[in-house]
Each structure stands twice: as structure tokens, then as C-alpha cells.
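Below, each structure is written out as C-alpha cells.
Look for subunit A in each of the two complexes below; its partner is subunit B in the first and subunit C in the second.
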Partner chain A sequence: MDSLQSLTAESFTYPQSYSFPPFFTLQPNLQTRLSQLRKWSRLIQRYCRHYHIFKLSLVSALDTSLFKNAELRKRLSLNDALQVVDWMTRDEGGRRAEWIDGGLDAKGGTAWVYWKRPEEWAEVIVGWVEETGQKSTVLTLYELINGEMTVGQGTVSRDWRPKSNAHGTLDFHGMDPDLFQRSLAVLVKRSKAQVFGSEDQQGVKFF
Partner chain B sequence: MSARRGVGLSAFQNRSSLSTSYATHGASLRTAHLSSLQTQLSVFQSLLHNFALQHADTIKSNPSFRAEFARMCNAIGVDPLAGSNVKGKGAGKGGIGSLWAKVLGGDVNDFYFELAVRVVEVCRGSKGENGGLLGVKECKEQVKKGKGIGGGMDVSDDDILRAVKSLNPLGSGFSIVNVGSKQMIRSIPKELNTDQSRVLEAIQVLGYVTASMLEANLGWEHARAETVIDDLLADSLVWVDLQAPEKEYWSPTFMNDFED
Partner chain C sequence: MGNTPSSHKISAQDRAILDMKNQRDKLHQYQQRITLITGRETAVARECLARGDKSKALLALRRKKFQETLLVKTDAQLETLEQLTSNVEFALVQKDVIYGLQQGTSVLKQIHAEMGGIENVEKLMGESEDAMAYQKEISEMLGGQMSNQDEDEVEDELEAMESEITGVKEPDAVEYPAAPANEPVFIGELKEVGQQKARARARAQERAAAQAAEPMLANP
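Take a look at the complex of A and B:
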């Protein structure tokens, strides 16, 4: 996994279906499978949110407790995990994931997991900018993602955020730079922000 | 006098006068009984009324108290929900509103309707994963958690059963079935055949089943076991685990979580 595991001491609580052995076998019955896919999608999103994971590489994640229940000695097979994530990328799955390397057809296996979609992140960023009065100031991308000022911003401004989250990991501090760019791109499109500068020295101005 | 049997024609007269006097006496006894019963009943009804009014809040909020109250009503042969398809408030005087409705102005009655709606929601919401067969206990837990509007409701098994019963007039196919020792709510109008019930019972006892377990324990032929299992799978009533030496079949009732 390419994201650092978050330092939160709180351990992740798995849903009860995680202790149900057939949960780790994709069900042949379509109706059953649909409800199973929903459960997996929710589990993956919750897991990634908890550990602040943005990019999920299935091959390496297969050995983590997300897909492997050591106690039951059950695991989701790579093929089934691919099916689950592929379902998440589709409209019926709420487009809660997106393949980075082409997915199933291209034999890839790395995907964005959108426990927040770029549009939703854009809202979070705009909210933070307004809250802290940073409109029309120029900020570098680096300081936005790694600077101290964004540490724990998710907990400072509870009011504008519809749902506060128990783990305090809703913040974009430490976010994957690529995903951050994508979220900014949403704002640029709405002419709410302007990005300039070269590769590693990018700055952004919010309106 | 009556010891002496009349002979000849006089016997007829004797007999008929005797039966008339029996009849009149019987009638007077009956009226006396009836009026005393009527008094008793009206006294009882007003007491029940007072009791229910006084404890309306407790009845609504305390599940065990409610269950006892319902049991008391059952014991004296009053079905609190009888005729409850007629809305109590609207029925007014002389209407055939249920006892709950009459006694409590519809409040407790509404409680069961509200609960029934929740039960339907829970059953519908989990149909994909359990094929429309949900344990009463699991349903209760879900209603207690109350993701819906108005938060959770504190209810007992008894309440759930009553609520499901109150859905009867709708002909909606909701019913209570017994699978082994477990009471379950069946939310789609399909009957389990005996083979299917036996498999579900076996799962209840053993946790899961495999085809060869069925063959060994029930003495079924392989084809029979396979067919029953395939049917159950097709109805979403069991989930299959392929990561075992032999395919294992589990009942989703024991998974017991509904997140969506």
C-alpha cells in the first residue's frame, strides 16, 4: 500500500459480515451478489477512510486484513476483488472507485477509492479556504497538502461539514497529490480557483 | 308427583306443562346471567380503559409491560388488534375500531402500525441478502437501532409478531414461519417445501451444511441434496463458501448486519 497507515490508535471495526465465511466468495446468485457488492464497497470505503488511503493496489492489499480474515482463514481472491472494485467504478456502484491503470481489461489492479469523490473534496477545500479566510491568497500545493496549517482542519471547522467523522481523518492534509490536483481541477472548471506554476512549484489561488 | 308416571292421556298434559316451566325457568336464568355478565363486562371494560389510559405512556415505552398487557388481553379472549384495519380515530362512535384504538384513542394502535412499517422496511432492505426470510430477533435488533426517521424503537419479540400480524389485512404476504426453533418473518409470498425447511433447520443446528452432510444426516441421495441447495441458492436463502474443502452453505440470517 502506498499510503502511510494513519497513526490513529483507534482500531478499525469490521462489519459483522466480515465474520461470515461466504462473504469472501462472490455469490453466484445475482440478487445476493448485488447486496454482497454493496457490503464490500462500504467496507472498502470505510477502511480506506479510516486509514487515510486514497490509492488502493489490489495485489498488495490482498494480504492486508481488508481482504483477508486471518481468523476465519478466508480471503477474497484477486479476481473477486477486481470484480468488487470494478463494480464500484461503475454507475450502479456509485462510482466510488476509478481504475488508475486500466483495470480489468488492462490487467491492472490499482484504483482510486473515492470515499470522497474529487467533487466532494473540492467542497471540503473550498470550505476550508472560506473558513480560514484564505480567499485570493496564493498558496502552494505543497503547503496545502503538507503544511502545518492544514493539519486536522477536518476537526476545526465542523460547522460547514454536514457529517463530522469520528476518526478525524476527513482532512485533506497528507492527501495524495494527484487526487488533490484532480479536486482542484474541479474548482478550476467552476472558475473558483486558478492553478499556476511548474511541476513541483505549483501554486493555487482561490476566488 | 313427577315420580309417578302418568298413564293415558293425562301423561301428555303433565309432560307439556313440565317442559314449559323448565323453559321459563331457563329463560329467566339466562337473562339473569346475561345481565350480570353484561355488568361485569362493562365494569371490566371501563377498568381496562382506565388502566390503559393511566398507563398509556408505559405501554408505549416499555416493551415488557406492553407484552404483559397484551398477554392479559389475550388471556381474557380480547384480541387487541382485531379489526385494526379500520382506523381507530376515523371510525369514531359505533365504528369497529380495535380495542387499542377505542381505548387509547388510536395511540397504541398507531404504535403497531408504525412498527409494522419499520418491519416492512427492514425486511425489504435486507431481501437481497436473505431472500426475504429474516429472524424475528434480527428484525428486532434492526428496529431498535432505528436508522429510519424517528430513531430506534424499544420493542420486544412479541411486538414484532403483533406488528406482522397487523399486516394481515393487507394481504401483503408477510407471515411468521417457524424454521427449527427459530421464528422468522417471511416477506415474500413463497412457501418453503419440506426439504428446504429441513436444510435450513440443519444449518441452524450445525452452522452450515454441505451436500455430503445432508446425504449422511438425512439419508438423501446426492441429486436430492444438490437440488434443494440449488433452489435455496436461487432464492438467496443461503450463501455459498467456495473456500472450503467441500462447498459450504450458510444462512445469511446469522450474518445479521444491514449497513445499506
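Take a look at the complex of A and C:
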């Protein structure tokens, strides 16, 4: 994934455990393993948020700095990575991931990484719409995801800047369209939004 | 428009606006594509120039120029489309304003109808004025009914009342100085009475002693 290697104004800071060789091997001791899983989950979420990644392909990601520490010459194996992400999909892992296809049985696959879950994204989107005074206005999905209005510079008030990511944009700028749709579905269910229009030219109105 | 369920419907205007905005988005994406192409052509021109192939570099720059011309046209179209979209949205706002005015006017007319209109108000004002004038006459008539005899009687009664009030005050005035005057006198008298009794007893004893002495002189 090219975005994994994209340069940003701010480089990603790795946690201390990233420099600890055993971190890259799932531990047999249950208590240690649980602690390790939590640390990996946090690292994956922070990494994906920093680089604005919504879908993680494990096979592709194994060769990136997320799972491989070049200095240590250590990397998480595919099987261990599968265990970590699968743990994240469960309640005990906070449901911070969801398999899109594949998974443990398929020995690989792609997963949503929910550094924000659809319900949490829904709140962010509604907050932005209210902040910018665009209730009862027709908005296209394209402009919400790709438009200049959701870029961090200029049009967004200072209060919102802290919520921008390393790219200097609001978190949902450049969001994966499928995930964005799911977030809107949450709002539609709550009668806070209405999606309309033909398949590939949809719009939304917030109430 | 509030957040009532009825306002959560998507209107024909909403769909029209969506179509225009989608068209705007398409133009926007087209512009992005052209920007990429012009960037690419510039790079090609530099590469050709570096290889000494001036004619191909010139060709690349001509293609770049053409793309930029398209970009300018697209800019104009985008501006026109955005203006149209803004005008439509503003027209919707105006429609809401007119609707609000209509609502207000309707309510006002309803209130006027309940009041009965200007004629009714005029009639009411006239009646009110007549009633007030009538009341004034009644007051004047009542005020003038008192005869001189009744007036005298009333004044006499007033004087009697004033006299009563003055009379009630005098005992109060008399009582107040009496109280402090009595008490010190009473205390003083009490002491004198005590002293007098003491002296009386002393004199009685003297007389008794004198009488006792006389019979002894008489007996020898």
C-alpha cells in the first residue's frame, strides 16, 4: 500500500516495546501474551490513524515498518499478525478491527482497523456538519470525503485543528468510501441524515 | 424548516441541487486529472531536453499548453456551475422567508378577525367613551345631592369626633406625669411613717418612766 510509505510532516513515533525483540513473537505465557496483544492493538491503531489507513491488508503490511523493525531485524510473522488482528475483532479486544475477507482460516486477508468505529465516525461527521453550519444542506459524498472543505487548512476553525491528523486534514478526509457509507448508515438509522441519489452519485442531507 | 419528521423528506429541489453538485465534483476530478497530466508533460519535456531532444521537448510543452487551456475552460464552467448552485440554494432560503412572511400575515389576519376589525374597535371605543361620560354625570349628581342641613350635621359630627379624639388624649397626658410623682412621695412617706413610729415609742417610754417615778415620790 503506497499510503503506508507516504511522507508526512510529522513522523510516526514508535512505542518502547517496538524496540524489544520478544515483542515480535507471541508469548506462551497467557498474562504476558494478553499484555502483548494490547500493546500491538494500540500500535496498529495509532499507526493507522497516523497514516490515515482504514483498511489493512496483512500480507502487504507485513513488509512495512508497522510489523517489521529493520534495526532489530525482527518482524511479526503472518500467523502472529493474524492472531493479533483477530483478537482486535473480538469484544475482549474492544472490537477495534473487523475482517473484510479472509481471517484466521484463510491465513491472510484484509481487515478494517477501527481506530474509530462507524458510530464514533458518525459523531465526528455530525459535529463537523454542525460546526460548519451545513445542516439541511445537500452535500455530495465526494465533497464530504474529498472536498476542500474537509481539508484542515483555512476553512476549519482552530478548535478543530487538534483533531486533524498528520496529513493536516480532518480525520474523515480521504476516508474509505465504504467505511464512510457505514458511518452515514448509523446516522440514517438515528434519523439524523438521509442519503439519496443514484448508486455512484449519492448525496446526503443532515438534520 | 425545523427538525420535524415532515422536513426529513428529500424534495425535488434537493435532488436538483445534488445533480448540480455531482456535476461540480466531476469537473473537479477532471481538473485534478489535467493537473496530473500537465505535471507529467513538464517532466517529459525536462527529460527530453536533458537528452538533447529539443523537438520532442517542444512537443511535450505544446501538449501541456493545450491541457492548461482546457483547465482554464473547466475553471470557467466550474464557476458558472457553482454560481448556479448557490443561486438555487439562496432561492430556497428566499422561499422559506416568503413562507415565513405568509405565516405571519396569516396569523395577524386571524387575530384581526377575532378582534372584529376596525369598525368593531371604533364602535367599542365610542361605547367606552359614552359609558365614561355617563359615569361622570352620575358622580356629579351624587356629589351635588348633599343639602346645607346635611352638610352642617356632617361638620358637627366631625367636630364631635375631633373632640373625642382630643378628650381621649388628655387622660393620657394626665396619667403620665402622675405615675412618677406618686412613687417617690409614697416611698418618702413610708420612711417618715417609720421614723414617726419610732419617735412615738420613745416618747411613750419616757412618759411611762416618768409616771413610775412620781408614785414613789407620792407614796412617802
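Everything that follows uses one rule, which is that the second predicted complex is superposed on the first by the 179 of 207 C-alpha atoms of A that agree within 3 Å, B and C clash if a C-alpha of one lies under 4 Å from a C-alpha of the other, contacts with A are read in each partner's own complex, and residues count from 1 in each chain.
Rule of thumb we're sticking to: contacts are C-beta pairs under 8 Å (C-beta built on N, C-alpha and C of every residue); 3 or more make two chains touch, one makes a residue touch a chain.
What you see is a predicted model; the values in this text were computed from it and never measured.
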Of the partners subunit B and subunit C, which touch A:201 in the superposed model: first, second, both, neither? second
In the superposition, subunit B vs subunit C on subunit A residues touched: B
Have a look at where A:25 lands relative to subunit B and subunit C in the superposition and call it first, second, both or neither. first
Between subunit B and subunit C, whom does A:137 touch in the aligned arrangement: first, second, both, or neither? second
Given the touch rule stated above, what does A:13 touch, subunit B (first), subunit C (second), both, or neither? neither
Pick one for A:191: touches subunit B only (first), subunit C only (second), both, or neither. second
Between subunit B and subunit C, whom does A:42 touch in the aligned arrangement: first, second, both, or neither? first
Quick check on the complex: what are the subunit A residues that touch subunit C? 136-140, 142-143, 191, 194, 196-197, 201, 203, 205, 207
Going by the contact rule set out above, which residues of subunit A touch subunit B in the complex? 15-17, 20-25, 27-29, 31-32, 34-36, 38-39, 42, 74-75
Touching residues (chain side subunit C, partner subunit A) in the complex: 1, 3, 5, 7-10, 14-15, 17-19, 21-22, 25, 28-29, 89
Across the complex, what residues on subunit B touch subunit A? 126-129, 131, 208, 233-234, 236, 239-244, 248-250, 252, 254-257, 259-260
